[in-house]
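What follows is a pair of complexes built around chain A, which joins chain B in one and chain C in the other.
What follows is the complex of A and B.
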């Protein structure tokens, strides 16, 4: 099981953007959704989630609004902004390119080098 | 993009800081509860256990909140505000230190604020459209170093049509008129302007319309545009005055409009009360005369043209005019100045930057000295707080954090000091500007504090704070927790520190020496001017001016009035003698035509000799106390119809008829009649103008005021020896008013006052002496405080050593002389350095001095004596304290 410490710098931000891109979520909801999408293979350190959320909001990539949770409690909901959507697309593109390259290197047969 | 979002988010967090905190707490609480619920349902544990589990998983709430604040960009804000709170607490704990630092800095900043705002109000752009494009044109004459403020009107017309680098040129001049409305007559300073003046400046009226080309013909009815301030003052900003009929010097005129608020004319040292068209106020013959320099000219550059291009274009036309009108324009050129530098007149434009630089140098010197004292205070404090720093360092503060604390403290002192000094300085600037406007010399300077002054003071504050704060900050923060906490000798500074402080003290003494020496030179200039023999007795004469033409007197009526006024004044018991003239010595009015001896071609600006012309009544020379050398004075028989006569001064006689007896000789003048004037008397060269004080007298001649009639006159009243002109002023003024109280009587003051304080007298030099004296005294006081602090500090540091010396048998007198030797060493170095600098500076300001050179023995000797004396006194205090150190106490102290 990969721990948060193993996450690459900036990866958490990307995962948060992806999580809220599907629909508005509160902080705990973000956590659950990432775990759900990763099929419980990834666990996020809870405390570091909020600084990351604030950072993204500070940068204008996500937006927040107070709303009501499923069990009728006040919760702060985050959703993606237009800038956040662009950022997510860009990050995804970069990530895929990078993994392709790295996979290509790691999988290169010794005689090919 | 992102930066913008961050800024928006930060400003939101800052303005709603408590909301942010509350929301953060609420959000985290929700998280914990949601998590606990999750755990409780999944693992079937009690709610309390689940909550504990959730809190354990989450970790430190406070730490995560802190990270959250950091993420919101609030991290540094919190850090700085923490530092500020801490510094404020520290500064309040040491009120004496804080007060001395703030006041010292304020003393240094104050003069800067005063000077900067005064200079700014002269240099700031005019409130017109694109003021940067404005230029001032002025005439020069080959072989003459003077810059003439005016152009000949025909020349102006030629430049206006031909100079392609200019979008337009406009002509204007200053004049004084009487304006009668609702039965009350005010004497106004008016702008006489060409028809395109306002449109060239791009101004819109506050009411009605402005002067237009249609007003600027001899056939147009007289139109008056009121200045905004005068309109508000006199008519209560009533817009219905537009269209009202008034009288200007008794002529019927119509108020057609009001100039925009804020616009006070195009001359920085006066405020126009009203504007009239050029053609309606100046004789057509004068405007047609190419030999008379009759108008001031403003030019607006095309947006794409530079000053250099404009000068080139003007040079081309000047060359053409020289050929075309050789009899008047040979050797005549026109120089183009930026309007800002020529704001007080183009003749000052070259000197102006030097004067500004000089004044700024002086006030910077004071700031430097004050800054050094604040630095000394902060250094002493840095030493004092090494323990505190060590504690903070031991608790994990980084070096940067320690430096930051010290810097924030210096910045707080800087801000408060700048605010205090700045406010005091700006108040002083306003006072000075109104004080400069002495009765009779309506100098008007609008001291507006705008963003430029503000920006300047902010920069001065930041730079001085950084310089002053950084050195002690670095020193205080350089701590080893262990060494700093151990009480003892490690606190004693090394030799290096002494050397830095010593060098700074020397620089401080040197700066105050420079200021004092410059002040000495100006005081010597004033003394020289005051003791100079002017050639008349200015301390016995009272002046009083009057202008009956302002209320519509014609020539015959004026002659009658003057005759009876003369008789009424002479009948007063305190009056010895009365004379009249068109203008008094050292006044701002003058008339300088060209003259040529009979037998030579008619004088022009090229062939004639420039002479100072005065119009005087019969008793003039006896009244002002100038003896006659030869011939006779102007007499009552020299009136209209009799042959024109003149009294000339020795210089004029020698210039026109070298080696001959001038009596009975005749000469011609350019201005006025072509008549030949016969010389009937010769008087010694008296000083009538400031520029005669340092050099030769000007050729000067006196015509009969009854022969060449002049309407406005200055009464010269010689009072009896038992009274002073000042005490008789009221009596004389009321005697004049009794003639006809509608006739304005103004500028009633002693002639000596006009000479000593007037702007055309010695007022400017006196002001410079006063300014440098104030700055010099401030600088000296600050330097002495600095010296005292430095010596006390040194003695304090050496308590041990001195104690040992005394224990080993050193005499107290020996200790005193040891400290005094150190004092004299510092003082001597400062003195030598300062005197060297002041000699160089004196060379640069030679043009501002009178009768004294930069190498003035009295000044140098005086400053040396003063500095030597006061520094010895200041050095003796710590020296005596050192000599009274009890060896036993000193050694036990350790």
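What follows is the complex of A and C.
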């Protein structure tokens, strides 16, 4: 496994929302999806995933349903709600804005300061 | 939106808790299994894969806890745990729990019972539609008021004027006609007892006259039949009555055929047309009239022999209540109605020149015509006493909790050390306190519910119900629950505060030998001082009220109350008009006097020591006619009067000091005579012999034939009033209504009563004999409030003593237990056992003395608030105070002596081994 980046505080929620925005997933699926999208560059504490899922569901951003997994076992599937979709859009916008600003600061030539 | 979804999710997981837990497990194990499978697929050995899956997942239980927290379940879970722990703690120390719960039960029970009294006597609205919209009308006038006749409540104002809720009927009609601010104005008049003959049996019932719009305005619909209507006031209307639900049940067994039944009221046939609903008891708190009549029946239900009260502008007697329009302010309504009132008074009464014009006032009518306000102060005093008991109980429990907290320091510091927050610890202690409070408070509220009739019971008598019934309703329950929670928080505060300051390290190290880590005695000392101080307050109160009662019972009344039987006779005016009423009384008197076993019999308008009295004005110069003005006039004095029959002084055992009492020469036709009391002679004839003198009383002139010894009149506690006695046979018949007979007899009460009933029946079968009681019972009833206070303060005082002595015992025993080592060393080194005994006892005595000193100071400051309720004892009474301190110190020393003796008998060997 290549050297992995630590997850920034508070970004896990955003990643989960992004992961389930593509289609319903069970918890393990969310983990795999995030690792897959990040090309294995991101380390996620497996256990911390579930409290986050529960918190998002509690807030009404995602919804869950028991279904059958690909190997015929019962699994709990999460999918994005309308409120979750709005939240994801909003968070993405904020994130981009923030990274732009920070990148702008970090890349500023010394004479510009 | 989010909050709603959160609440839904929280509720769902609360309700389906076990399913939620199953899902949680299933989800996590699914994850671990899938990961294991993936690892196996990538070439890891199955056993190693399973191990790695678990390790990488982390602590499952901690994750589950975080998941529950995410659902908002953590607080609930912790509370649940705290409660279970709290109850386990309570069960583990049954003695502690029993003492704490018992003192709470008694404290909260007493307060709940008092609240239910206050609800009935002070707070509860009358049972009508929207009572808060009602306004009670009254007026205020200077001393020289314009109207001559007032029947109803009247009280003096601070400026010497008067205020009353009675209006004349013509003024009411004018107000009703011209009012703009009120939706409606209605009137009523409680007419007191009236004679009703139902199915040939006569009885006395309480009646009420109401205006035709009364039922519509208060918003009460009869349970059956019809209400009183405006058409019932027509002069030729049929005479009708609506009966109370209570009378329907009591007298007719809820028989619906009572509608249309004819009942004889004061000799007139009246048809019952309606039955009131069960919850409607009229518009006077504490009263429950049996019969409601239309105002037009005034001459039947409230007979006055002069002109009809309905047309007489000089007779002010009806109560007026209005229902305010919703958008009208009080001040506005009062201003508008005052104009109408002013005009109506001027238009209806003759011009009386300089007399004071009354001013209209409006006040809340939510409690109707409220006569119970006099109970406000006594109830507030009772409430304060109950509150003091509760405080003492709280202090006790706080003390017990403190002692326990001290022994739990090790546990608390352990919990702190392994990461519990201080708020968490405080919450645990608070939960324990509240659990304790709930158990004690719950039982206390039940006790209060059962005891709610105890106080009204003490105020009631065999011949008359109490002034009010306790009301146990939602408000009382709410207040009691509030008090319970407040006490729970209050007594948890001290231990919680103490625990929050625990130093982890020192506590953990010292817990085994707490004596050296703590102050020598625990922090409970101030609480014990506080308890003693409050107990002193209650003991002083108890002492003052006992002395008051005992003084009242031994006061010189001026007459001999023993073996005298009292009963009332109220002949209906329709059957016995004018002179025939006096003839009837005379016949009854003579018939009763010859009953074998009756030594003497007499009758009087006012029975003695029965709260009632008559006052009148006399003119010392008989030749000057008296004018009916309330203003002070030279030579005119205020005196007390009683209309009595022959043999009054002989029957009552009142000595005749000079001259003679009423005798055979005095009759309805002879010269009008009076016997005056010694006080009367002393005040009005200071330097002369009053015998043979004449004085004026209204339009009569009375000649004094004798001077009697002084007697108390309306109450045992009042000084001897200047009284004169008139012979009732010489009085105008209109002035004589109901009379009370006094019968001195050697017969048993039972035999005497049946002989008297027989005698009355032989003269008139339909004449009810009412309010049968002995003169001693009558006196005792008049002192019922003082008795109530004596009983309750003694009960509260004993309660306080018991609780406080438990407190002292607890703290001393605890101290001795903690100092076992030290005491053992002292004894081993040769300290005398009596010295050890004194050492502990001195500590108890010190606590009690400090508490008693503060308590005495408080008592000296506070007893003046009950001064008006005392009799024959000053509010700062050295005897009472020293007795209270003596009792308190004695009990405190006894409570301290038990642990002190235990300390002095310690075996040094055992004590030194004691850890």
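Simple rule for what comes next: the second predicted complex is superposed on the first by the 107 of 113 C-alpha atoms of A that agree within 3 Å, B and C clash if a C-alpha of one lies under 4 Å from a C-alpha of the other, contacts with A are read in each partner's own complex, and residues count from 1 in each chain.
Keep this in mind: contacts are C-beta pairs under 8 Å (C-beta built on N, C-alpha and C of every residue); 3 or more make two chains touch, one makes a residue touch a chain.
All values reported here derive from a predicted model rather than from experimental measurement.
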Next on the checklist: According to the stated criteria, A:42 is in contact with first (chain B), second (chain C), both, or neither; which is it?
Outcome noted: neither
Next on the checklist: Applying the document's definition of touch, where does A:83 land relative to chain B and chain C: first, second, both, or neither?
Outcome noted: both
Next on the checklist: Contact-wise, after the overlay, does A:14 reach chain B, chain C, both or neither (first, second, both, neither)?
Outcome noted: neither
Checklist entry - After superposition on the shared chain, which partner residues are touched by A:27: those of chain B (first), chain C (second), both, or neither? => result both
Next on the checklist: On chain A, which stretch or stretches are contacted by chain B in one complex as well as by chain C in the other?
Outcome noted: 26-28, 46-48, 50-52, 54-55, 57-60, 66, 69, 73-76, 83
Next on the checklist: Taking the touch rule as given, give the residues of chain B at its contact with chain A in the complex, in rising order.
Outcome noted: 1-2, 4-6, 8-10, 23-24, 26-28, 30-31, 33-35, 37-38, 57-60, 63-64, 67-68, 70-73
Checklist entry - Across the complex, what residues on chain A touch chain C? => result 26-28, 31, 45-48, 50-52, 54-55, 57-60, 66, 69, 73-76, 83
Checklist entry - So in the complex, which bits of chain C are touching chain A? => result 1-2, 5-6, 9-10, 23, 26-28, 30-31, 34-35, 56-60, 62-63, 66-67, 69-72
Item to check | Complex interface listing, chain A residues touching chain B | outcome: 26-28, 46-48, 50-55, 57-60, 66, 69, 71, 73-76, 83
